[in-house]
Structure formats: structure tokens, C-alpha cells
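The structures come next, written out as C-alpha cells.
Look at the two complexes coming up: subunit A is in both, with subunit B in one and subunit C in the other.
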Partner chain A sequence: MLNQKKFIVSHAPFWHNGSGITERSYHTMLAALPALLMGFYQYGMPAVGVISLSVSAAMLWELAFNKAAKLPVTVGDGNAAVVGLVLAMLLPATAPWWIVIMGTFLAVVVGKNIFGGIGSNPFNPVAVAVAMMMLSWGGCFDFNQSLVNYELNFPSMVYPLTAVKNFGVSAADAFTVSDLIWGKQIGGIGAGFGLGLIVGGIYLMLRGFIRWEISLSFIAGIILTALLFNTSDPSRYGSPMLHLFSGYTLVAVFFLAPEDSSSPVNFIPMLLYGLTAGVMTVLIRNIGAYADGVIFAILVANLLNPLLDKIRPKTLGHIGKA
Partner chain B sequence: MIKRSFFGLTKPRFAYESVNGKSLKPEKISMPRSVTLFCKAPYKGNGLLTIGEKVKTGQKLVLYGDSEGYVISSVTGTVSSVSPYIGDFGKSYTAITISAATQEETEDVFGKDPADISLENAKKYLAFSPGAPALENFSGSDESQIKTIVVCGVDADLLIFTQQYVMSSRSEDISKGISILKRITGAESVVIAIPCNGNAPGSMKNAGAVGGASGAEIREIRSEYPAALPHMIAKEVLGQVVPAGKTWEEIGIGFFSAEAVASVGQAFSSGRIPVSKAVTLIKKDMSKVLIEVRLGTPLRDIFDAFDVKLNEKDRIIIGGPLTGAAVYSEDFPVQPDTDAIMVQDAESVSPVSDYPCINCGECVRICPANIPVNMLVRFCEAGQYQGAADMYDLYACIGCGLCSFVCTAKIPIFQYIRLAKYELERMRLTEEAANA
Partner chain C sequence: MNPKKPLQLAYGMAVVLLLVGVLSYTAFSAKAPDEPVRLMFQCSTGKVLFDHKTHTAESGYGIACTDCHHHPENAEDRTSCRSCHDVPKDGSAPAACLNCHDAGDFEVESIVKKTDAIHQQCIGCHKEKGSGPEECKLCHVNYNF
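== the complex of A and B ==
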């Protein structure tokens, strides 16, 4: 038995479909591109700056955490980059550098890595970071203030959701649905261009990188709840379309809610999870304190996720347990 | 290899190999210079065999007494070595190597006396015949547990057509085998599982010939993996779900490959124990050759004969791509249940990683047993096997391997599951021993 060749001995199955985490991350970033490009076009170099800083800071935080915790380096999986990118999509183009650094720290380190890294975070890291920032430095998310120096060719330079919240639906009358869809509204760098986000979202759903059940039920939840409110008092509560195409809704629908780790994987739980997020979003917007409730709605849905995912089909040959 | 399709909304489809009524002719190779036969008994020295002892083709070789298993020599020659062999999960065997002589002599085991056709004789002589008939689960008495015998004319894994070939080419042996099995085991019904080929007239006709002659019922199996795995056949064809943690024998079903049944038929009608095995050889480029070799033929001989060149870091797999087992040596022999030999180029060896589960849920959605694999794998990774069994249905796994195939994090999930079952079994045995 001398001169034996060395063969690879491993275990079944011997095939793999070729999917991977890195691939998933890159396609997510690709899907964000249409919305981002519009943001760059509208807000110019400052937007490019915020995005670049956010992506690199997120990756550096990940690296720093890996090193500090003496764990294998996981920057290569692209997940940190996605977190940085999605976070920056929600920021105004004028966000100061320290906000970006703090935000990525909160997302990558607090939101993800202290829970054990990829796959172990109970909440969406970006939602965690944005929620904390809103509570601590709310001013940064006051888009009317932050973008005051921009003079863009929009129907109105107010943030639609704050306008509705403070002055009733008529304040947002200037915006037609098509304005909103085409991104003619102020907001986060990558959050305003509805059509771009939808194109990206459809891409992700078709390719199976996000779970369509979550995104579609999220949308259904928003439309249904908004419709109820809207019919009850059309002057106070915005229409379903306004809710759908303003604020962070579409980023949340396609980039936050379906985040793997903090969302369910079974069919009915996915639907319930999406619905919850949708309903909560409109509830917080209409009767809560915040103009945009999406972030908190996601966190609430994340909280329910482990419970929801217990609803699952019976296993084959299941034997009842005492 | 089947890759993820561009659109991820649909589940991947895994179509079974279909011979579609084509008549296959197995290619034979020249007589091996030596054969190695694995006896189920753990190694305890040479036992009753002596090195240099002459044996005939078809002769039964007993190592340490009848109770501990036996092998049937597949060549005529002399015993050249008896050595230990450690298989998967540390299971130990004894490898008996026989150098073949040029002159072949075949041993007649049974007379032509119909009285020789008995369950006892079948157990005594046929456990090592091609197809490895699972006879140990039958007892001669009337309260034999097994009511239904399923004859698999389908191959459980992808790319393989060994059993389909046997089904279509050896109907006479199979008919005989079925009648004999029915008689000696007292099974109430026999079901023949054949591939569902829609418009392939050949297979159905052949199966019809078999079924008609032996009073067996013919049922078609969906042509998509894992429909031909025993658990799935039990559920979809017989309408009996094997409860998690139980064996199919415990609910009264016995599975035989078509080849095993043919071996029984052939053995009792010729008085000799068959020693050649049909095998699908799957080459690196996934082209397939049907071959017929003596049991115990080293893989090396087969690779030489069919021009399969192996390099460092390639992979040799006994069985199919989803459920097979990799072996580390070209000296590994063809066993009675070796239906396929697959070689994989170093470049197509699929990577595994030590990444944690990212909870993408692909595994959950593909698992035919509805197991919450995403949770199960966390418990298994943490070594919490009991928790995995109690809360996340470890024992419901039917062993299809699809979860590992689709895992985004490339976790060797299926291996974790097998390890978990193995560890729990070990713990149970230790506990029993301590309590005894």
C-alpha cells in the first residue's frame, strides 16, 4: 500500500448547488444599485461620500471585531458591506461623518457581532442602529432640516411623512404617486426612488435571495392597514400609496425585513411576520409618536420571529411527545 | 452537478436517471487477480480460515462461527490475507482477500431438492449475494413482522441505473425470487417499484412479465429525487409513514433491491450462489457505464479497465452523489450492495465551510421530512444532540442529503445529523451497559 494517492474523503452529499453567502451579499448590493444611483444623481457627491464611508466603516468595524475577538476574519462574506450600504441608504446625504462611523459601529458590532455574528443576530442590525440613532441624535433624521440647503426640482421640499404627521394629508398633496415612485421627494439617499427599490426587490425575490413571502405580506399589511385608516378619516391619514412610497417603507420591505437571521423561514410564519411589520408600520405612523414607524415595526416583528417560526408543518413520521 | 437555477423561486428538480426502455448491456472486465470480501464480524485474528487455504467460487467462508456473518468467495483461489478494516463511524469489519487462480471451479451449494428452498438456507447462504438481500429481519415462524416486501426496480440515488437494468434484463430470476421470497417469508404482499417513465413501453412490459408471473403488484415511483428512498416509497406508494426513529421493518415493510431478489431466484434455481454484481460507473465527466464485475473486485481494476485516471485530491464515492460514501483507497472492493461507483475530479469536489448557519431557510424549504433544519443544525453544531432529537425531530431525517446540497453557508448538515444519531446511539449503549 505504498505510494498511495491521497483522495478526498468527505461525507455525502457530494454535490452542492453553488450558492454562497458572498454571492448573496453581492447580489443584495447589486439590487440596491438603481435606488442608489438615483440618490447620487439627486444629492451629488455628498451622497457618494456617505455611502462610501459607510460601507468601508462597516467593513473595518467587522475586521476590528474579528481581530479583537480573535475570530476568523469574515469581511470577505460581504455581509458587513451590505449592512453599511443599507444603513447609508437610510441616511440623509448631509449626514456628518461621525454619525456614519457611530451608525456602522452600532449596526456591525452592537447589532450583529456581539450576538455571535452572522446568522445569530435576533434583530436586524441596521434597524437596531437606526433606532438607536433616532433616539440619540434624532436631528440627523430630520430630513427637512438636514436637506435644507438642497434646491431640487421636487414638488415640495418637505419630507412627506412629517408633513402628513404634523399638518394632515393635505400637506402632502403636492406629491402625486408618480412623483413618489420616481423619487421626487426628499429622504434617505437610497430610500426615495420607489421604482428603483421595487426593481431591486423584484430581482432579489426572483433570484431567491430574499423570501418573497415576507416582502409581499409586508406590503399587504401596509396597504390594508393604511386603507382602513384612510377610509375612516381621509384628511388625517395618508393613503396606502403614500405609506408605501414614502419614508423607509420600500427599503424596509426589500432590504430590512427579509434579513435572514432575524426573520422566519417557514411559510405561515413568514406571512405573519410580514403582515405584523406592515401593520405596525402604519400604526406607529398614524397613532404613534414617530413620523416613520418602519424601523420600530421591523424590530417588533424581529422580536416575534422566534415565536412565529414555531408554527411549522408536522415532520414526516412525527410522533406526538408527552 | 446540478447548480442553483437563475431564478430562485422554484425548488431545484432532481430527475432520476432513466433508461427509458433502452436495452443496456453491461460491460465485463477480465477476472480480477484478487478479491477482497468484507465480513461483518470485527477482526479477531484468522479464525477458522488459514492463509493459503483453497476456496472455490461460490463457497461459503465462515470466520468465527456462523452467528457472526460470513462471506461467499467470488473467485476460485487461495486465501491470501485476513485483516481488520475500519469503515464509517469506526465500524469494524474483517477483510478477507483471496488470490484468484486461473482455473475456476464452482461450488454447488444447494441440491435440486425443492425442500432446500427454505428461509433458513436463504439466511445461511444468500446474505452475501449480489444486492445483499436483507433476510435477517425475517423469522421463520408465522409471526414474522414483515407483511409487505417492496422490490426496488429503481435506484435510490441520482445518476444510477443498476437496479433499472436488473429489472429490465432479469425478469425470470426476479419472478422466481419473488415467488420464493413470498413462500419462505410468509409476507402477505409484494410490491414492485418501477420508475415512472410515462411513455417507455419496455420497462412496464418487463415489470408486467415479472408481476404477472409472481402475483406481485406493480407501482410506479415519481421520477424525482428523493421519491425512491425507502421512506418515501413507504409513504407515497404504500401510504405508510415510518414513524420517526423507527425502522421500516418495525412497521412491517421489507425492502429488497431487484438484484437481491434476482439473486435469490437464481441461487435456488441453479443451486449456486451468484457472485457477479451489476454496477453503474459514473466517470468524472458524469458519463455512465454499466459494468458487471465479481464481488470483491478492487476499484483499481475497474478504473484501469475503463480508463478512469485518478489524481491526488480526487474523490472516490461508493454510491450516488447525494447519499454515497467516499473511500480513501483504490483498493476498496465492490461489495454486495455497491450499486454505483462515482469518481469526482478534485476541481468539482464541493467545498464545505465552518461558517455558522445564516438562517436563510433553504434547507427547511427543501427538506422532504419537514424538519426545521436551521434549528437542528444549531443544536448539532453545539453538540446538543439530545436537544436536537427532542425539540427538532432529528430522528425524522430520512437521509436524503438535500439540506447540505442547498445550504448557503455550505455547512455539512447531513454529516452533522448522522454524527448526532451516532453519538446518541453510543450514549444509549453506554447507559445501557452501565445499568446492566
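== the complex of A and C ==
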């Protein structure tokens, strides 16, 4: 028993396996690609413009902050590019240039860097930026309004969540689950194609870039809460599948909620964090003022993060005070 | 990996994407179609999403342009509702009216206000045809994202 080897560490020199923030950032962008390509296909060059400008502007804001604060340049880690990319996935293809510039500023500078940069932000930078923009320039996030000139081969050119919110579930009857999964719905450039987001999410989970506990408990939270509401009044509250495959849900599940510094690190806290975000999403959508409550649900879950991380595993051999 | 490489890659990406972004917004920006597909009317009682194409297309309701854009009847460019019915707050005549009429030819007070004009047009037609929403909240919606 005394000779049992528990932990073996060899002495220096060590070899770096190449894994780092840069690698992780580029793989996250790779995972977003299927959903983005569908957005480009559906909305054309304006969508390419929003994504390109957003990624570029986010990197330039990061560089500007680094220079202004006389800090080492951190653009190379790709985190700013990921922030810009995820932000643009939530925007409509017709987003004006100033919204993109303002949004990336809010995300990179206000959401991340003023708290100390990567790893120090208490809230997801993209969620902070989108929440501020929604409250300030809500019209830009009204997809019914932003995409009035688009005519695509979708069952309906009305945003499913606002249709349900205003006119009940029958207003979204035109959409089958298959339509929603295949992205036949208007919405953010990279938020509509459910299948693409799921493929990207599975890749990130398998590679260990995001924690499956958060994403899967988020989905479980949405399905369970939506099921309860839907069972209580099927004509008023959408089905779990509608909630899962519409709005920003899947982007939030795989790209917003699992962000490192704003999410917990232990097993039980991660499950509670994901569940909270999922439950809050459906609560805001069904009985709150907003058609898509995902962004605010993420911020609420972020707020709970330090509290949830108090639930820690017991230290081995630790003898507590009485 | 050389520590400078990721930074050089990031700078390269930022510059290329900036160029693509600026070009997309300028040279390849989406042009509004000649005939609107849908219109979003901003109202104090809630926005109204009007499906213009479904109302005008032969495969839809096939309504003639002049049924709504009734004045002047023979105009090639259809004037929007607001160009005549949106009377300036100072009580002056709308600019669109003065293109053809002299200021003294008509009374500004006789112009039907925009809200009344659109209400009469929409509700009147919906009642006449026995289809389409007639209740307020079926057109006017209030929501936040």
C-alpha cells in the first residue's frame, strides 16, 4: 500500500505538445465554419462582409487596446478573432458597418480587456456586447425588419420566435423540425443552420476545446423546461425542438456558454451552470419580455458562475474544522 | 511554432479580412429591389410587417398597384404612402404634392393623415374581401429581442 505510485512526474526538460490558446482559437473558428458557409450561401456577399469586418475589427480593437494600455500584443492568440466571429454569427446579414465596429468594441474592449484580458472576464464578451446592442439598437436585431428585402426558399420569412411570441405556436406551424435543423429560417448569419452548429459543437467537445458537461446540460435545461411549458399549454408555448433549433440557442450552447473564464470548472457546477442557462432561456422566451432570451440567460448564468464554483470536491486527506 | 508566426498570421488575417469587409460593404453591398418584398411600418402601437409581394404578385392576391398607390394614377414611379399622407408637423404641404400642385390649389387639412390612410386601406380591403387580419394586434406587434 505504501509503495503505490499515484502520480509520476519526470524531470525537466519538458516538451510542449503544441496545444495553446492560438490552436484552440483557430479550431473554434473551424468549428463555426459549417454554419457560416450556410449563412454565406443564403445571404450572399453582405454576410461575407459582416463576418470579415467583424473578425478584422475585433483584432484591431484588441491591438489598439494593447497599444493604448502598453501591454504585450495579444492579437496572435486568435481570441479576439473568435470573439469577432461569434459576434458576427449573431448579426443579420444586413447589419450596418457601424454596428459591427461598435459591437466588436463592446465585446473586445468593454467585455474582455478592461477586466484584464483573456481569462479575466466575468461575463462572456460577446453576450455583453450583444445585450448592450439589443438594448440600444434593438431594431438591428429585429430579423423581420433587417431582412425585409430577402426572399429565400424558406417555409416562411418570419422569425419563428417572434411569431410564436406574438401569435402563438400555430404561427410557426410552417416550420418543421427538419426545416429548422437545415437552416430554413431567417436569423443571424451563423445562427440558423442547426446541423452545422451541432457538427461544430461535437467537434469542439470531442477535441476537448469546450466542456460537454456545459453544452449538454444547457440542452437538457432547454428541453426539460420547454417540455413542461409545452405540456401545460401546447397552443401558447413552443415545443422543445422549436426552442432548441431556433434563435441563438445552438450558438449559445456551443460557442457562448462554454467560454472559459465565465463558466465553472468543476463537474457539478458545470451541470448547474448549463441547466441554469437552459432554464432561463425558456423562461425568458415564454414568460419574459424578449423573444429570444438566450443572451440574457447566459449573462445570468455567468453571474452565478463564481457562486457555483464554490461547490468543490473534497480535498484528499483534508481534515476540516469540526 | 515560432512565437512570431501566430502574430504574423493574425496581422495578415486582419488586413485581408478588413479589405474583404470594406469591399463587401461598398462594391458588393445589397441593393434594395425595385419593388419591395416586405415592408416594416414603424408605428407607436407596434411594428407592422407588411408582405408587399404577396399582395401584388399574381400568385398571391394580385392587387393592382393603383389600388393602393392611387394618386397620381398614371405615374410610372409609384409614390409611397408617406410621401403624400405624412404631413409635416409645421402644417406645410408635403413636398410630393408640390411637384404637381401649387400650394394654394389644395388645403393641407384635407389630406388624410398617414395612419388613417393606411388603416382605411388595409382594414377596408380586408373587410371587403373577407380575408386578412382586422384586429389591431394581428398586425401591430410589440416585442423585444
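Just so we're on the same page, the second predicted complex is superposed on the first by the 303 of 322 C-alpha atoms of A that agree within 3 Å, B and C clash if a C-alpha of one lies under 4 Å from a C-alpha of the other, contacts with A are read in each partner's own complex, and residues count from 1 in each chain.
Keep this in mind: a residue touches a chain if its C-beta (ideal position, glycine included) is under 8 Å from a C-beta of that chain, and two chains touch if they have at least 3 such contacts.
It should be emphasised that the depicted structure is a prediction, and the values quoted were computed from it without experimental measurement.
K.L.:
Should A:149 be classified as contacting the first partner (subunit B), the second (subunit C), both, or neither?
P.N.:
second
K.L.:
With the two structures laid over each other on chain A, which partner does A:166 touch: subunit B (first), subunit C (second), both, or neither?
P.N.:
After superposition on chain A, A:166 lies in contact with subunit C alone.
K.L.:
In the overlay, answer first, second, both or neither for which of subunit B and subunit C A:56 touches.
P.N.:
After superposition on chain A, A:56 lies in contact with subunit C alone.
K.L.:
For A:315, using the defined touch cut-off, is the partner it touches subunit B, subunit C, both, or neither? Pick first, second, both or neither.
P.N.:
first
K.L.:
Answer with first, second, both or neither: which of subunit B and subunit C does A:9 touch in the superposed model?
P.N.:
first
K.L.:
By the touch definition at the top of the document, which applies to A:97: first (subunit B), second (subunit C), both, or neither?
P.N.:
Touch partner of A:97: subunit C, not subunit B.
K.L.:
Classify the contacts of A:18 with the two partner chains as first (subunit B alone), second (subunit C alone), both, or neither.
P.N.:
Both subunit B and subunit C are touched by A:18.
K.L.:
On subunit A, which stretch or stretches are contacted by subunit B in one complex as well as by subunit C in the other?
P.N.:
18, 77
K.L.:
In their shared complex, at which residues does subunit B touch subunit A?
P.N.:
Contact set of subunit B toward subunit A: 1-4, 6-9, 12, 231, 235, 241-246, 310-317, 319, 321-331, 342, 344, 346, 349-352, 355-362, 364-365, 368-372, 374, 390, 393, 396, 398, 401-402, 404-410, 412, 414-415, 418.
K.L.:
Per the contact definition, I'd like the list of subunit C residues that touch subunit A in the complex.
P.N.:
Touching subunit A: residues 1, 3, 6-7, 9-11, 13-15, 17-18, 20-25, 28-30, 32-33, 36-40, 47, 49, 53, 137-138, 141-145 of subunit C.
K.L.:
For the complex, which residues does subunit A have touching subunit B?
P.N.:
For subunit A paired with subunit B, touching residues are 1, 4-21, 24, 77, 116-120, 205-209, 211-212, 260-261, 263-266, 309, 312-319, 321.
K.L.:
In the complex, go through subunit A and note every residue touching subunit C.
P.N.:
Those in contact with subunit C are residues 18, 22, 44-46, 48-50, 52-57, 59-60, 63, 73, 75-78, 81, 93-94, 97, 100, 134, 138, 141-142, 144-145, 148-151, 157-158, 162, 165-167, 289-292.
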